[in-house]
Amino acid sequence: MIIGVVKETKEYENRVALSPEVVKLVRKKGFDVVVEAGAGEKSYFSDQDYEAAGATIGSSKAALEADLILKVNLATLPEIAQMKEGAAYISYMYAYQHPEVIAAFNAKRISTFSMDAVPRISRAQKMDALSSQANLAGYKAVLLGANYLGKIFPLLMTASGTITPARVLIFGAGVAGLQAIATAKRLGAVVECTDVRPETKEQVESLGGRFLTVEGAEGVKTEGGYAREVSAEYLEKQQQLIREKIKEADLVITTALVMGKKSPILVTEDMVKSMKTGSVIVDMAVESGGNCALSEINATVVKHGVTLVGESNLPSLLPVNASQLYATNISTLAFHLAGAEGLALDIEEEITKGVLITHEGVVVHPFTKQLLSQ
Amino acid sequence: MSVSALIVLIYVLVLASYLGFELISKVPPTLHTPLMSGSNAISGITIVGALIASNEMGYGTLSKWLGLLALVLATINVVGGYAVTDRMLKMFKKK
Amino acid sequence: MNIGIQLAYLVASVLFIMGIKYLGKTKDARKGNVLSAVGMLIAIAATLFTLEVFSLIEIGAAILVGAAIGLYYSQKVAMTKIPEMVALFNGFGGLASFSVALSDFFFKNANEATSLDAINLTSILLSVLIGGVTFTGSMVAYLKLDGKVSGQPITFSGQHLLNLILLLAFFAAAVLVFIDPSQEIYLYILVGLALLLGILTVIPIGGADMPVVISLLNSYSGMAACATGFILNNNVLIVAGSLVGASGIILTQIMCKAMNRSLMNVLLGGFGQTVATGGADGPAVVVKEIGVEESAMLFDSASSVIVVPGYGMAVAQAQHVVRELMEQCEKRNIEFRFAIHPVAGRMPGHMNVLLAEANISYDKLIEMDDINEDFANTDLVFVVGANDVVNPAARTNPESPIFGMPILNADKARTVIVSKRSMGKGYAGVENELFGFSNCLMLFGDAKQTITKVVGELKDMA
Amino acid sequence: MIIGVVKETKEYENRVALSPEVVKLVRKKGFDVVVEAGAGEKSYFSDQDYEAAGATIGSSKAALEADLILKVNLATLPEIAQMKEGAAYISYMYAYQHPEVIAAFNAKRISTFSMDAVPRISRAQKMDALSSQANLAGYKAVLLGANYLGKIFPLLMTASGTITPARVLIFGAGVAGLQAIATAKRLGAVVECTDVRPETKEQVESLGGRFLTVEGAEGVKTEGGYAREVSAEYLEKQQQLIREKIKEADLVITTALVMGKKSPILVTEDMVKSMKTGSVIVDMAVESGGNCALSEINATVVKHGVTLVGESNLPSLLPVNASQLYATNISTLAFHLAGAEGLALDIEEEITKGVLITHEGVVVHPFTKQLLSQ
Amino acid sequence: MNIGIQLAYLVASVLFIMGIKYLGKTKDARKGNVLSAVGMLIAIAATLFTLEVFSLIEIGAAILVGAAIGLYYSQKVAMTKIPEMVALFNGFGGLASFSVALSDFFFKNANEATSLDAINLTSILLSVLIGGVTFTGSMVAYLKLDGKVSGQPITFSGQHLLNLILLLAFFAAAVLVFIDPSQEIYLYILVGLALLLGILTVIPIGGADMPVVISLLNSYSGMAACATGFILNNNVLIVAGSLVGASGIILTQIMCKAMNRSLMNVLLGGFGQTVATGGADGPAVVVKEIGVEESAMLFDSASSVIVVPGYGMAVAQAQHVVRELMEQCEKRNIEFRFAIHPVAGRMPGHMNVLLAEANISYDKLIEMDDINEDFANTDLVFVVGANDVVNPAARTNPESPIFGMPILNADKARTVIVSKRSMGKGYAGVENELFGFSNCLMLFGDAKQTITKVVGELKDMA
Amino acid sequence: MSVSALIVLIYVLVLASYLGFELISKVPPTLHTPLMSGSNAISGITIVGALIASNEMGYGTLSKWLGLLALVLATINVVGGYAVTDRMLKMFKKK
């Protein structure tokens, strides 16, 4: 079976689906690998590295004609046009947002598998790209924020005066939020965090952060580890609390994503106005609408004296590590789905069932089917 | 026995008891069982009494037989006690 | 009496004292046992020396028989049956003192020449009482432990009252003996009462509390020997007996404390039921607990240790004290490493963050794949607040939600100590059968607090 | 006495000589303060803040006409033209590099005092702006470097693979170098450091860094706490060692300044070539020529796959803290030199002697005089 | 002898034992002293009870005189002179035993009725020897300590040989006394030899070593009392005497260890010269050292502590163990803060970096200006590897290179402990007179290592 | 004195000495001086001997005078010893 890896064409994307290290592993399992020339460049992987690992360097066309195409971002229609009939394909897909692309895949009877649909069960953790990338994003968000801030993070008592520690406020203690807490704490900031899931209190404290508890309000419903729906009353009380805390914050990082929905607005324009001049907000949910009312996607803007950082693709700013981890994730999924001889699907198996979007010309993924039909 | 001699024996009793308390003021739990077993063997010192008792004259008297019974029992206590304690303690040795 | 023999007794006494002293210290315990055995040999040899030769045959025979029985059982018995054995031996010791006392009584009563004075009589009666109680009490304890009799406490109302009445009856009869020692019938009554008391005081006690009872009876047997010493005006008996009596009481007290009981509570026969340990719900895993001191000893005697940190270490913020533990172990040249499971904690790299904070150098952190084979050659694995990442169900139970997740082979080590607060479950919410494995010991309590204590113990041992 | 604070005109300068907090203190000592409108803007101090602290907001002209002018960077000729005859002036001057400006000062008989000439003695520590700014620069250098790096700093063992820690190599364990070590270490990197002064070994290790010892070579001469001159043999051996170490480094930070001279080249083009693609060099000595042969001032360039960061004014990127500390330094010096009534110089006093550059129309600073006469 | 008195002696003996036991524990020491005093009272009362009434007057007078003298001096003496006082009292005790022995000898020699048997004689001679040596030895020690005689060791070659010869002479004379006790001349020779030996064994010892000598002589006086007990066949003397004899020896050993000497070295008179402490060069500051245990006790009894960290803490990487110290103190409700000097360390904020690494919360770190006034109300300041930042010369000495630098007022606290390795100087290279202040104690050694030990002691105390 | 009685006294001596060793196995340095002083007071028990000696018959005999001298000295030792120890220990109390 031939695996194809192409250069990502999406703007701001520096990652690549396989790293040379992982190519070695893939070759060992008996697969052949074609990598588009220059695919790894932005992740600092050279074509020589890939060749040394056992891949063939080819054109984009050669890579797209493989039996199994691995990508980071969803393929474009021209790319799909070059793919073989009945091939297999894996990448982040967010399929329900892209009906036309799904149609194209179905037209070519390509079996597609989505990285964002990997079920969050224990034995799938090695395939969980959402976690691996969110983790890096959490680190990067802190560094970006720290860089935009006109202050340093730690407390310093010096002959020239005492610098008080920066205050960091983090919304959402998911994977990204927790890593952000850890990183900010490491750098010496005073870190506070709020989340709708009460069990995150313990987790936040285990990293030295302070948890802001929204008192006397119902929590949220979660499903499969993702936050699904939050009551209006809760959001109201949460905003109350945050309105107090945000005034003192130097850096705010928001990570609250609700899968398949527009992100909730946690930081309103009023709140931004109430913040100190020079403070910074990093909106990690900016791609799905943003947790801050004023943040703009892929732009850093100053509004009301506050710097709003709206990087949509934070992991991509750490391309080396991000590609390394993503490659492990996607290759592990590939090994789960296919042997050197070709696809070997057990449609009823939980992981396969979870990730399989289109198969033999139809959308088989229930959630995607449901959303697309709306 | 004269009272004066008794007093001295009581001195011995008191001092030995105090010493016993002091020595075992803080033993780790792992040693509870061996210590119990080891001191149990020491309490077999009654074997000395048994020897004396069984040596008293009068073949076939009750005293003699009781003495011999005591001797057998005390010996079991002593020999068994030391041996089993040693077996236990061997296990604590560093690998 | 011969001065040489007296000096021999003195030497024996000192050897007993040293023996007891060393028995209380981990590294000298075995030496202590040998010392006290040598003391015993000296005492016996010295005594034999004074004896008339003519009775040497029976004495020799009795000793041989006793020694053979003692040696045989002590070697044959399974290590798990040691408490039973100690109970049995202890009972024999009590019976021996009891017999010597009776023997002396009959002898002196029969011999007009040697009179039974008040001191003598008091000693004899004390020896009979304590020896008798020790004997039957130990026998009941033995039977309960051995399962020959139900370990369940046997209680009835008025139990304590009955014991009190019997004790009073004993004293009443004792007075009668004092008045006329030649009325041997009273003595027989005393004997019967003593034996009965022993039975009655132990039957209401549950099987789980037997070790404490045996320790107490052991102390009694020392006192019986001491009383015998007064009968025979023999110092070595007094020293050894009171030594055992006192150290036994203290030991009992320590054991009670370890079980959260007061000695009073024990002495009044208020022993409770067996304390059940097990899971919070569902089929309980039967686990073995371990204490702080014992844990420290296991570290002390290990030559390689692997720590498996998990989310509980983070919750307890135990990373700093784990570093102290590491320092203690490394001071002892114990190999000390950390096995980092890729999903330990609640965030990728959670353990790395914490251990870096505690300044533990990166080269001590070993990835799962690199360390998994080393567990089998490791003396001690210390699981600190980890659960799912060492759950063997991931390997063996296809029904388990964590089936298929690679885990750390902690269970393959010689000994595993698990520090957690309770039998609470981990993130995946599943039982962990590792905790019930025979090589696994549970160290319950908040990880930071318990490990702090373990480190304290290790420092004291140094 | 009136103190004037103007807006800094130098490019890339975000600092301001006095912060509102310090203005309060200055007022309490009896001085009047005129601050140019918008002077603190880039440090996030508003004109209102200054007014609240007791300053008068005025034009640039008003500020320059004060009795004592406080600045961060050396005044320009037009600025000097507006100053009063016989006024007093304090800022960083690096006077020996700017003969024409010195001449202008002398023409107006202005007494000038240079912040960069504060002697490094114990009781002058509160005036030591070089230290306070170098400290911030050390922190910022690490953050910039970390941000340009395609990797994260700490070791992470995750389900998607293990990320090895970044290796940071720092040249020079002065104030900036030590803070850089501390910051990089905090973030989780493996940090190595080299310095010509052997006593820095202990200092580096006290922060958790590893010291690279240049074996079997003479050390350097130092004067007043500054490194003065380094033997050729030493530099040779040092390069040897560095050539080995630099290949493994992900981030290199150079801080080696030798006062009054061009900075030594520690990282040659060959060395840059030997580095891994994607690695980063932050050259903190770039303003005085740079420790890296390829770095460019005020530019971030990629050469031979290595990102070279050449920020000339790192403290200025942390304007809030930098201005706070600088204000303390400069005001402490001002209080040392002047009372509310006017200058009160004790020319023989060590600190005054150290900082006084021009006085009554002549250059009085010996070192400056010597260099200017060359 | 009356049984009641015997029992009183028994009670007194037990009280002495308990007294000694409690004297070894910080918090019970005072109670221990009272217990043993009560024991003494009981023993004296019981003895008086047995005496014939007619001599009560002289006895009463003698006791009153003795009590008055003892009470007067014990209350009058300055606390700094206590060692001298102890030496003096100890000498009197020895002389008392010595006198009792002689008294008994003369009495028994004069009274044909009570014979001097070998046991008696041995006891008397031992009492004379030990009592005599104790007496004159203590007197020399007293004079040396008090400065009435030079504290310098007085040595001459052949000293040890002479002592040996004198001892042998003593034994020779003793044999002669044995042969004919009525030849009292030999006894006088013995007395002289004993007194001489006491002088000769102590004169070669330097003043700084006197405490060890007194402890040893104290042990001797116990032995003398014990020997007296054998003379009078009196148990309470034997128990109390041997108790003091044994505990004194152990105490001596502990003190030797603290001074890095072996007991052998002491017993053979090999006491060295006074150990000089002081600066490496220049005019030496005279400092007082403190040990780990004493430091722990000072922490234990403080109610507020301020730690002043400096560059040495960074070098030793002692920040983590300082946090442990904090935890120990906070467990005792001791207020615990850090005073951060702006230029402590070698980089601005050096201490912040380290203390943050050790996870010490920011609100415990107090800036110099905010804490400087609090020092005066602080029980204990612990300076960890700081030097220049607490050097009072910055305030007072215009010549000093650090003059004018603001410093932390550590010297204003009730007690200051300074942890550093030596009398080494700090960054500025100047002497620090704080170290010589009367409220300042030096805890020498690597900060991490010594503080680890202090923390260990504190844990043991809990 | 009979040898047998002597032996018992030796028992007392040995036990008491052993106890003394055990009790003072680990005292902190701060307590060295008070402990020394306190046990020095105990060694004044020789006062009991002095009482007995000074009570012996024969007014004006050497024995009697020696006894009285011993009594004065021993009393100084006892009273002074306890009093000074107590003074010292008072200083150790918590502020």
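For clarity, chains are labelled A, B, C, D, E and F in written order, and residue numbers in each chain start from 1.
Throughout what follows, a residue touches a chain if its C-beta (ideal position, glycine included) is under 8 Å from a C-beta of that chain, and two chains touch if they have at least 3 such contacts.
This one's a predicted model, so the numbers in the text were calculated from it and none came from an experiment.
Touch-path distance (fewest steps) from chain A to chain F is 2.
The set of chains in contact with chain A as well as chain B comprises C, E. Simply put, chain B must spin 180° to overlay its Cα atoms on chain F, rounded in steps of 5. Averaging C-alpha coordinates per chain and comparing to chain B, the farthest chain turns out to be D.
Set against the C-alpha centre of chain C, every other chain centre is closer than that of D.
Annotation: the chain A:chain D pair of sequence copies touches via predominantly the same residues, more than half of the used numbers being shared. Two chain pairs are in question, C-F and A-E; the one with more C-beta pairs in contact is A-E.
Between chain C and chain E the centroid-to-centroid distance comes to 40 Å (mean Cα coordinates, whole Å).
In terms of their C-alpha centroids, the spacing between chain E and chain F amounts to 18 Å.
Separating the centre of chain A from that of chain C, both taken as means of CA atoms, is a distance of 57 Å.
Touching of two or more other chains is recorded for residues 125-126, 131-132, 135, 154, 156, 158-160, 163, 186, 188, 208 of chain D.
Touching two or more other chains at once are residues 13, 17, 21, 235, 239, 317, 342-343, 348-349, 353, 356-357, 359 of chain E. Of all residues in chain B, those that touch two or more other chains are 5, 8-9, 11-12, 14-16, 18-19, 22-23.
Chain contacts here follow an irregular pattern that is not a line, a ring, a star or a complete set.
In this structure, the chains touch in the following pairs: A-C, A-D, A-E, B-C, B-E, B-F, C-D, C-E, C-F, D-E, E-F. Per the touch definition, chain D reaches chain C in the complex via residues 154-160, 162-163, 165, 188, 190, 208. On the side of chain E, the complex with chain A involves touching residues 340, 342-343, 348-349, 351-353, 356, 359, 362, 365, 367-368.
Per the touch definition, chain D reaches chain A in the complex via residues 14, 43-44, 46, 125-126, 128-129, 131-132, 135-136, 139-140, 143-144, 146-147, 149-152, 154, 156, 158-161, 163, 183, 186-188, 276-278, 305, 317-321, 324-326, 328-329. Residue ranges of chain E in contact with chain C, taken from their complex: 317, 320, 323-324, 357-359, 456, 459-460.
Against chain A, the residues of chain C that register as touching in their complex are 311, 314-315, 317, 342-343, 345-350, 353-354, 356-357, 388, 394, 401-405, 428.
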